[in-house]
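Next up: the structures, one after another.
Shared between the two complexes below is subunit A, which pairs with subunit B and subunit C, respectively.
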Partner chain A sequence: MPAPPPSVGIKEAFREAIRTKSGLAGGIMLAALIAMVVIVPIMAPYSIVKRWGDGQQWLDNPRYAAPVWSEWFTSKELPESAIFEPNDFRKIRINTTQFNLTFVSLRRSFTYTADVFPSELAMWAWATYGTGSTPSVIVTWIRPDGQEVEILNEGPQVRAPTPNTYPFSSTGQMSRSAQAIYNWALSFNATSLAPANSTTPWLYVKPEVTLFAVAGESMLDFRRAEVLKGEYAIRVELLGFTPEDDLDAKFIVYGTIFGLAGTDNTRRDLLIGLLWGAPVALAFGVIASFVIVVIQAVLGAISGWYGGWMDEILQRMADFLLIIPLLPILIIIALFYEVGIVQILAVLIVLGFVGSTTKVIRSLVLQIREEQYIEAALSYGAGRVRILFKHIMPRIMPYTFALIALSVPAYIFLEASLSFLGLGDPVLPTWGSLIGNAYSDGALFHGYWWWIVMPAGGILFATVAFSLLGYAFDKVLNPRLREE
Partner chain B sequence: MYATVIIANLGGRIDEYLKDQIRFDLNQRLRNDPAYRALSPENQTKVFNTRYNASLNARGLNEPFFQRTIRYTLEALTLQLGRAAKLTDTSGSPEVYDIIGERLPRTILLFTTASILSAAAGIWLGLVMARKSLSYFDRGMTVFSISTYVVPPWVYGIFFILVFAYSIRIFPPGGWVGVPAPPPGSLAYYGDILYHLLLPLMTVTLASFGQWSYTTRNLVMQIMDEDFVTAARARGLPERTVLYRYVLRAASPPIVTSLALTMIASWTGAIITETVFNWPGLGQLFWLAITQTDPPVIIGLTAIYAVLLVITVFILDLVYGLLDPRVKALRRG
Partner chain C sequence: MPFLSVQNLYLYYRTRRGLVKAVDDVSFDMERGTTLALVGESGCGKTSTASAILRTLPRNVGRHEGRVLLDETDLMGLGDEEFRKKIRWRTISIVFQGAMNALSPTSQVGDQVAEPLRVHLDLEKEEAAAQAEATLQRVGLPEYIANRYPHELSGGMKQRVVIAMALVMKPKMVILDEPTSALDVMTQANIINLLKELQEREFLSYLFITHDLGLASELADQLGIMYAGNLVELGPATELYEAPQHPYTRALMNSVPRLRGGQAPESIPGTPPDLIEPPAGCRFHPRCPHAFEPCGWTAPELAEELRSQRTLEAAGLPAIKEVTVRDDQHLVVELAEAPKELASLGPLSRFVDGQKRSSPVYRGIKDLALDGGNVVATLHEPEVPGPVGSSHKASCWLLTRGA
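So, the complex of A and B:
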């Protein structure tokens, strides 16, 4: 005859658990997570996250940028993005009375001190012009060594308010600019990276390297080129044919570091994804674990208390559901039906309404059932349902809580696994989907460590918090909880 | 089993999908056929319908869904696994047996080896922890064990690939053999496989040994409180003998059970871990079968798994008799 489970109240169990070192540590970690959940909506409102997948929202951010603090680990100074809005340019606008010409000149100078080349260059230009002839837009790159390179000279394609976009770093798209830069570099006898028989050698130019490189033989080779530090300037000019012609420009020198968590392949600020990963993971893990464990516990208590055919049916169902592989089924369902995070949760609950908790609680109830106070309750005529809820449930509640804490990580990981495969919630960023995106984009190969390490760190942090708490509960309540 | 068949076919949705696909393929093929294009529209429809129905008949897709599921179930139960809809093995055979047969050894190599390693390490560690229970070593290892075993192996896998394959560059990031592979059968070939095996093996072992050490510790600590252990100690037996001869013997049935069940589970591989390491085993096959909608393969995998499960449970029953004298006594009584 095994000893009856110790009777501990929920409050006592909590107090005891928090008093142990692991419980305290787990509690503090959990509190930190919860604090994060509270802060997140303030720092990154839902309206931003809703547009997480919308590429237009993130255009100002560099691609594949490391977190700002990664600079501490290298002796080099890394560039942050320099964004020049229309207001940052010094603007001169002249109308000639004689031929009705308009001349607009925008100039912006900046100092570049980083030891590493920027990651990209891009410009947006808003041009206003009449219906007659198209004006020309000329962009000149002025370097600290006095060199001037005309990197653009063509008419705008669209009128303001739609901006003309000039992604200088996409040499395929901006091949005339690339050609201009290539030819300019050749005047310094630069060695091209292009194969000797290439008919379009300028496609191998990296404008963000060559324009920032010390002039000379190596300036076309991004592996050998050296950064030319000093004061640069961008001059954007428009020569128009009506008095109303006008021009505004925005120029971005994209850096290689960004924010606290860096960016991904679509320039998204990973910090927002990381922060939102916490409430999503916590909510999913805690709700799934709470609902499933409580349902299983109640059914386990019913199974143990009533016995008979009800017991038999519930236990056989538990055997069945324990043996079916959960992840493959979820994968199949998620793949063929558009499911959000709520539907996944629902499927989980349906597939987990009986399970290991049912078995644990049933064995506890079988012991409790023989105790004298239950016999006493029966003898004064208490109903079976009343005894179940009034006398048995309170006894198993602390165990239920321990099991809830212990099973939260499993559900967090289940969600992360699905998201990793790209089958999670289609809108919300989660830690799993961040890792999944990183993996499928070759972040491992390219060494974009921040994209993987930080979301994985988030998952591990949450897991360890709940494991510590569960372990503390376990120590208080054990000894035979984990038999199974 | 029947449930698997229904789920694998998603209650008929996959059939619709397959039919659509047949229709599309047929359309493509006929459109490129000059003889077909020369026909009048009515005749075109007629030819199309005849060929379409013939394709459906050939695949057995025109039976009612219920009948079909019964047939699938019976076939699966009798292990007639049939042909895959799309997947093939490397030599191009579409037989489900061939596909599974080709990949099973690789999965066994990885996951069964890892299970054995982690079980051995974990049980040994659990024993040490139980002996030094409540020491700092025990507490630290307990927290470590609990924290590691809830983390799925692919998370470690990604970390390890990042560190060992791309930062330190001492292991390949994935795959089964290098590209180009050494000639099959040569010593270098097996060496290459071993080299590719190490990183995933390390990963899976680390991910599962925590469970072994923690459960063994708890089990052993419970048994150490029992009367017969106290009696053995009272007789002055050395602690080692008590631990290995008495405690471990009593603890063996549950350990053997979980060992056997882990072995079985290990044969199905792990979907994400194998995908991450690009390990061409059954887990990856399952993922391929799901993403390319190949119900025969899914059903086949499940059928094999079920058979293995039944065999294991049967063998376990026999082994219990050997390990636990009480079971034997029960049988005689």
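So, the complex of A and C:
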């Protein structure tokens, strides 16, 4: 006769599980995750996450920036973004009543000491001007070696409060600036990267390189150019024809490192995605696992306790649902319908109301039901439902608990897989969708390791935490694994 | 009218090999406030008798018949739901064997004692708990025990809890199914004293099921001896202990070791019979030292004996070549030297008569005849003796024919 399952209470099982090494490790990891879940809404409120997909929100961040701590692993000093808001400029405004002229000069100087070039340059300018003549905006780049380059001289397109945007690094869009920089560089006999027969060689200019490079032959070649360190300045000037004319500017020298987790192709702060991945993965994994395992356990208990046709039906349904491939079905559903994380959960529950837990619990109940106190309860006239809930359920609860902990990783992985395939929640950032984005942007090919490693680490951390806990429970509850 | 009257009770179980005749035509009466002890070896149908009365039946019941009159109510006539509501625990309750396992490990014993109250009377939790505590006190347990879990109690305490559980609805009758079998002797004595006390105080009737004759003597007013699904002897305990009538009862009594007196305990030869195909006639006859001609000898039994028989040659008779069973009553024996005439059967008959004294199976032979070259042995028809006696009944030819 098989040994009846040991009878342990949930509390007792938990206490014993925590006492094992793996249980302790799992418990600490889980506690860390939970702490993260608590801290996240404070650090990154939902209002930020809601606009995760909104590109306008992230314009101040550099693109493809590595985490700041990656600097520790190189001998070089890497630049962080330098953002100059309108208030950071020294502003001089002169109004001549005689000719009705207005002159505005904005100037900002800064020190550049990094060993590598910045990743991008961009400017926003808010211009106020009358209906008559359009003023001109002149941007001058002042270098530590005394060189001055006029990189912009044109009238604004829109009036404040809408800013005029000047993405200097997009040379196609800012071809006149690129041309000016190209011509300036040629005065140092610089070698262009453009093919000899190119009619628009300035499109090959990288302003963020050339403007920061030591003047000379290599200044147009981003592979060979050397960084010129020292005091730079940017001057933005407006010459207007009405007394009301005014100008404000914002300038960003984008760095190559950002935050604790870096950024992705759309300049999003990956830390926010990573942090929010924890509650999403945890909530999805725990809720899916809890609901599915509890339903399966109850049905397994019913199956084992009542037997007969109910047993037959439940077990055959479990066989059926165990062999149908879950992931392809979910993919098909996600392709045909717009599904959020809640709908995915619902589909999982419907397709998993019976399954392996039903079978495990049924086999336990088949042993429990032969025990004497069940016979005693039947003989004093207790109904079958009452016995199920009073005597059988309490016996299987600890096992159900262990099974919940053990199956959380599977659901975290499932959610990550769906998100990776782009079939997960369309709004919330999840670890799976971060990896999915990275994959489709060729992150590994380009060496954006942080984009992959950190969300993958998150998935690993969460699944290992639950697995360790689950194994600890298993050790306590499984009679064959009980350590003497 | 007796308090409990059981008449011609049958309980058979269906198995793949056939029907197991666990309780076969059992009848007894008992009075209110007395104890009837059912004693027998393991597997003789004692517990099945209790199951048949209390209807705690497994799924594979093949036959469940008879009359059970309790306080003039025909229990067998009640529907299952009615039986559950009116009889279970309100009138008859049961103390199961193996107190160690009769309590659910996951709930407090107070809850478990209160369970029948909650199930039957639909009492509120507090009220049921109060009554459960009172019942625990009735069986001599302090009330704080109610908040303990079974694993925190000793075996004797658990047994008391199980008894409290049986008494919580104040039934008139309690079936005690080996209530002390898992306990040590001192605790057994304690529990038996408790049961006696409760019986006196609450005028309980006990159907006490045990394999222990000594223990039965402590409690029993009446004693019933069961063997292979039959009640072979039933009578007042004192009489039965002093003058057992049935050979099985006698053998059972002789198998009990005694502290005083030089008599060594004796075992009963053979093994308990298979209840799917029990022996014909009296079921004890194959192991009985007294067995008579019509006790139920059948051709297969005799054939088995003859096949293993070598004494025929020793007696100077021709060896047996083959033994064929024709039917239950007829056996064909082919001898190495075929006897030619009736007269040559003489030595054989004398041999059989001689064997009758030592091997009871030969007593079943009614006569020998010649058929062709073979000897045909005809056996006596099995006849089951009816119970003999009025207050002390036993079913054995010994009582009608004399030793």
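Simple rule for what comes next: the second predicted complex is superposed on the first by the 478 of 484 C-alpha atoms of A that agree within 3 Å, B and C clash if a C-alpha of one lies under 4 Å from a C-alpha of the other, contacts with A are read in each partner's own complex, and residues count from 1 in each chain.
Heads up, the rule we're going with is that a residue touches a chain if its C-beta (ideal position, glycine included) is under 8 Å from a C-beta of that chain, and two chains touch if they have at least 3 such contacts.
Given the structure is predicted, the values throughout are model-derived calculations rather than measurements.
> By the touch definition at the top of the document, which applies to A:A32: first (subunit B), second (subunit C), both, or neither?
Neither: A:A32 stays clear of subunit B and subunit C.
> With both structures superposed, pick whichever of subunit B and subunit C touches the larger number of subunit A residues.
B
> In the superposed arrangement, does A:T463 touch subunit B (first), subunit C (second), both or neither?
After superposition on chain A, A:T463 lies in contact with subunit B alone.
> In the overlay, answer first, second, both or neither for which of subunit B and subunit C A:F420 touches.
first
> Classify the contacts of A:V350 with the two partner chains as first (subunit B alone), second (subunit C alone), both, or neither.
In the superposition, A:V350 contacts neither subunit B nor subunit C.
> A:A377 in the overlay: touching subunit B, subunit C, both, or neither? Say first, second, both or neither.
Once the two structures are laid over each other on A, A:A377 reaches subunit C alone.
> With the two complexes superposed on chain A, say which partner A:V385 touches: subunit B (first), subunit C (second), both, or neither.
Neither subunit B nor subunit C is touched by A:V385.
> Touching A:V453, do we find subunit B (first), subunit C (second), both, or neither?
A:V453 sits against subunit B, while subunit C stays out of touch.
> Thinking of the overlay built on chain A, is A:M310 touched by subunit B (first), by subunit C (second), by both, or by neither?
In the superposition, A:M310 touches no partner, neither subunit B nor subunit C.
> Across the two complexes, find the residues of subunit A that touch subunit B and also touch subunit C.
none
> For the complex, give me every residue of subunit A touching subunit C.
Touching subunit C from subunit A are residues 7, 9, 371-373, 375-383, 386, 390-391, 394-395.
> Within the complex, which stretch of subunit A touches subunit B?
22, 323-325, 327-329, 331-333, 335-336, 409-410, 413, 416-417, 420-421, 435, 439, 444-445, 447, 449, 452-453, 456, 459-460, 463-464, 467-468, 470-471, 478-480, 482-483
> Which residues of subunit C touch subunit A in their complex?
54, 56, 84-85, 88-89, 93-94, 96-98, 101-107, 112, 115-116, 119-120, 162, 165
> Which of the residues in subunit B end up touching subunit A in this complex?
Subunit B residues touching subunit A: 3-4, 7-8, 10, 13-14, 139, 142-143, 146-147, 150-152, 154-155, 158-159, 161-162, 165-167, 173, 215, 218, 222, 268, 271-272, 275-276, 286-287, 290-291, 298, 305, 309.
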